[in-house]
Amino acid sequence: MNAAPLLEIDNLRLSIRTDEGVAQVLDHVQLRLERGRILGVVGESGCGKSTLVKAILGILPTATTIESGRIVFDGEDLLRLSERELAGRIRGSRIGFIPQDPYLALNPVFRIGTQLLAVMRWHAPLPAAGPRSGAALMRHHRARLLDILRRVQLPDPEDVLERYPHQFSGGQRQRLMIAGAIACSPRLVIADEPTTALDVTTQLQILKLLKSLADELGISMLFVSHDFGVVAQLCDEITVMYAGQTVESGPVDTVLAAPQHPYTRALLACHPERSAALTGIPGLVPSPLRPPPGCRFAPRCGHAIAACARRAPAFSAGGPRHLVNCRLVEAASEAAP
Amino acid sequence: MLRFVLRRVLLAIPSLFGLLVLTFFLIRVVPADPAAALAGENATPSQIAEIRRQYGLDRPLYVQFAVYCAQVARFDFGESAYSHRPVALDISQRLPATLELTVTALVLAIVLGIPLGTVAAVHHNRWPDILLRVLSVGGVAIAAFWFAIELQMIFAMGLDWLPLRGRLSTDLAAPSTVTGFYLIDSLLAGRFDLFVDAARHLVLPAVTLSLGGLATIARFTRAGVLETLQKDFVSYERAQGVPARALIWKFVLKNSVVASITQIGLLFGGLIAGAVVVETIFDWPGIGFYTVQAILTADYKVMLAVTLLIGVIYTAVNILVDLVHGLIDPRLREQL
Amino acid sequence: MLVARKFAADRPALLGLAVVLAVVLVAMFAPLIAPYPQDVSVSHLLLRLKPPSWAHPFGTDYLGRDIFSRVILGARGALLIAVMVVGLAMLTGVPLGLIGGYYRGVAAEAIMRVTDVFLAVPQLILALALAQLMTPSLTSAMLALTLTYWPFFTRIVYAETRRLKSSLFIDALRCIGASGPRILFLHILPNCVSSIIVRATIGMGFAILVAAVLGFLGMGATPPDPDWGLAISESRQYLPDAWWFSTFPGLAIFLTVLGFNLLGDGLRDIVDPRLRRSR
């Protein structure tokens, strides 16, 4: 397909000032999400997935410095927009967000209706014909919200609007988050580990719901997770991250069946379903305060060569639409015709 | 919600009863000769005997307590040794003055303190925040009586913008009493000139009285807002594109004021104490000054009545604080 | 030490410390610093109510006495009251809090009920009532204030003791046979020390303020004491012309209390990490 990607992250590097020094949290991150697709971003805790999400939404902590790179969404570099522009044009209206912990994400002292309608008031699309402002518009939004609540399979939506967050179960809250994310008909929905806080059965239901909504509404989704299994079920494409770098990306079936980056391979090999013995990857994830030069996995990689520690590798083709960030693969593909 | 209110009010009854018992003990049991204490310093032996008979002090303790409770129910607190008028009458005339002053000071403290604290928290570590922190520490450190005197000097004597003392100019008569609050009664009587005069007299005393409370409320609001800003739902609402103004002043603020509301309850004690000083300096005819007089002249009956009164007001304020808490945070309604 | 470094980074706290030290020094060397130390008692009626000048930076009062000297000399009384009040309140309040928090039984309960009653009454009113029972003097003001303030120490020590009582190391100590008093004074008390210090510092400011009010109302210091509160009370009838008479003693009270409060806040920020402002 030749259409421009909906979201493209190009060579993003950012650091955060902490009490212990400057942490190079993201390094040369590359990411590409095509329209109408679901992209999974996978990695261990601390690999920078959440920071990446915050960078896209523009809600990074104040002590952050964007050192280089662009985040191009629908033709615009989000990093160049002001807070006001982000709040006014992008967040809620064109990018929806499903947070990791739905309990902490809801304001405990306001009713659900009040919270969700507050966002819709600013960002929900106006009806083609009909009220443009005031109480009549709010009634229109409210009717639409009830509809959306039904679509996310929450029973008795009228009652839901009147209740408070603490009166719902975990699964119900996550459905509320999903409703909140799609309420304003965004082009892109970013889901930050939305199933992590749920039990397995509920997880399955939520995943099914997300998939059906994505298909029905034609929404593109960025799905962040540490769980390959979940990503395998839901996503079309996958990008693997390690210690702030993107190491591999491609169609989910290809990457999971034939991973080319040593880290992806090692990680998949650890999965209990793939190997009889419980194995791990020797060594520890490097601290972002003192990152290794070049490829950050090199110190733990069994196949590292001298070139790995020199400048950070770039993506090279490991197959059709399958990109790998590794000197070895680069060398191999250069050698091959 | 109604059940919550009822439950809270019912819970207050034991503490009010405890207050009755406590005051009873203080005046009947503690002094060596309660009759003499009640009669006052200059009472003659026959007056003391009369008091003894009247209050049933030669009867068993539980009978005395019953008599006492009956007296309280009738608002019969005896006669003030100083003014020679029924204590209940004195108090009923003076209480509205103090309430008008205290309520105004409280409103000032809240209406100014909460926004100031919020602004300081939002501009954390920048100049509005630093300025507020200095002011709030300073506000608590200022001696109210000195501040009152300086204000009088500058605004009343020096600039002549505001009156020096009292509730009304001496050539004006008070509006006919409906609530005892001059601000309300004057409007009810259609006398706008009285309203303005009463308001002008209220300014300096109310500002003086509100200072400590303003500083404390601003401080606690600031702490509450800072803490709320760390919470996840704030960053979620921001990610959803809720504009900054609505975010702070509606969604963050409601979560942040709980601690301040508690402070308001505690503040009340400070306001009563402050009223004593402020009334003395501004010749404000309220119960604060009345109490000081009673203390200085060892007028026990007055002291007793005032103690009961303050206890009741305190309990009422605490109930109110709990109710407001329940209104703000729905999770609390189910706990109680 | 990390604590010292954190404290040094907190500018208001440093300011508070500087002010407190300054006041302490002034109080200690008052007779040497004051240009007219004899003005504690001597009057100069020819010099009544003179405005500030080089000879009298703060002007003179209604008896012609140099206000600058009297303010300096008044620092002694103020600090003396503060130290005595806080010290005595600590000596009574802390042990009561330890006992109330550690032991069960009627005595402990009674202590805490009494503490609650004292805390329920507004401090100033209580102090006034108590001071009234004795003849007005600095000593009676001191006693009244002490009786007003001890519950604050009792309450925080009680809370700390209750909290620590159920911790593991106390259980361990009891298992090896440590006696109650030993546990209280050697093990629990040291853990309360930082809260006590914070409370004491803020208490100094409180004591000076309330002592000033008592002095103003005539319940504390008596003439010719150079008490700051008393000076303000004496000044009232000469205002607004002799504005310096009330303003400078009042400023002295303000600065001193401010200093103690800033210092106390700074200490509290170190002691209670939850309230740290660095986040």
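Should a chain be cited, it is by its letter among A, B and C, assigned in written order, with residues numbered from 1 in that chain.
Keep this in mind: a contact is a pair of C-beta atoms (placed from the backbone, for glycine too) under 8 Å apart; a residue touches a chain by one contact, two chains touch by 3 or more.
What you see is a predicted model, and the numbers here were worked out from it, not measured in a lab.
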Just how many steps, at minimum, does a route from subunit A to subunit C need if it may pass only between touching chains?
2
Which chain, with its centre taken as the mean C-alpha position, is closest to the global C-alpha centre?
B
Computed distance of Cα centres, subunit B from subunit A, in Å:
54
Determine the centre-to-centre distance between subunit B and subunit C, using the mean Cα coordinates as centres, and give it in whole Å.
25
Taking the complex as given, what residues does subunit C use to touch subunit B?
12, 117, 120-125, 128-129, 132, 205, 209, 212-213, 216-217, 229, 232, 235-236, 239-240, 243, 246-247, 249-250, 253-254, 257-258, 261-262, 265, 275, 277, 279
Subunit A touches which residues of subunit B in the complex?
231-233, 235-244, 246, 250-251, 254-255, 328-331
Under the stated contact criterion, what part of subunit A meets subunit B in this complex?
57, 59, 83, 86-88, 90-93, 96-97, 99, 101, 104-110, 115, 118-119, 122-123, 164, 166, 180
Along subunit B, where are the residues that touch subunit C in the complex?
22, 125, 133-134, 137-138, 140-147, 149-150, 152-153, 157-158, 223, 226, 230, 269-270, 272-274, 276-277, 280, 291-292, 295-296, 298, 303, 314
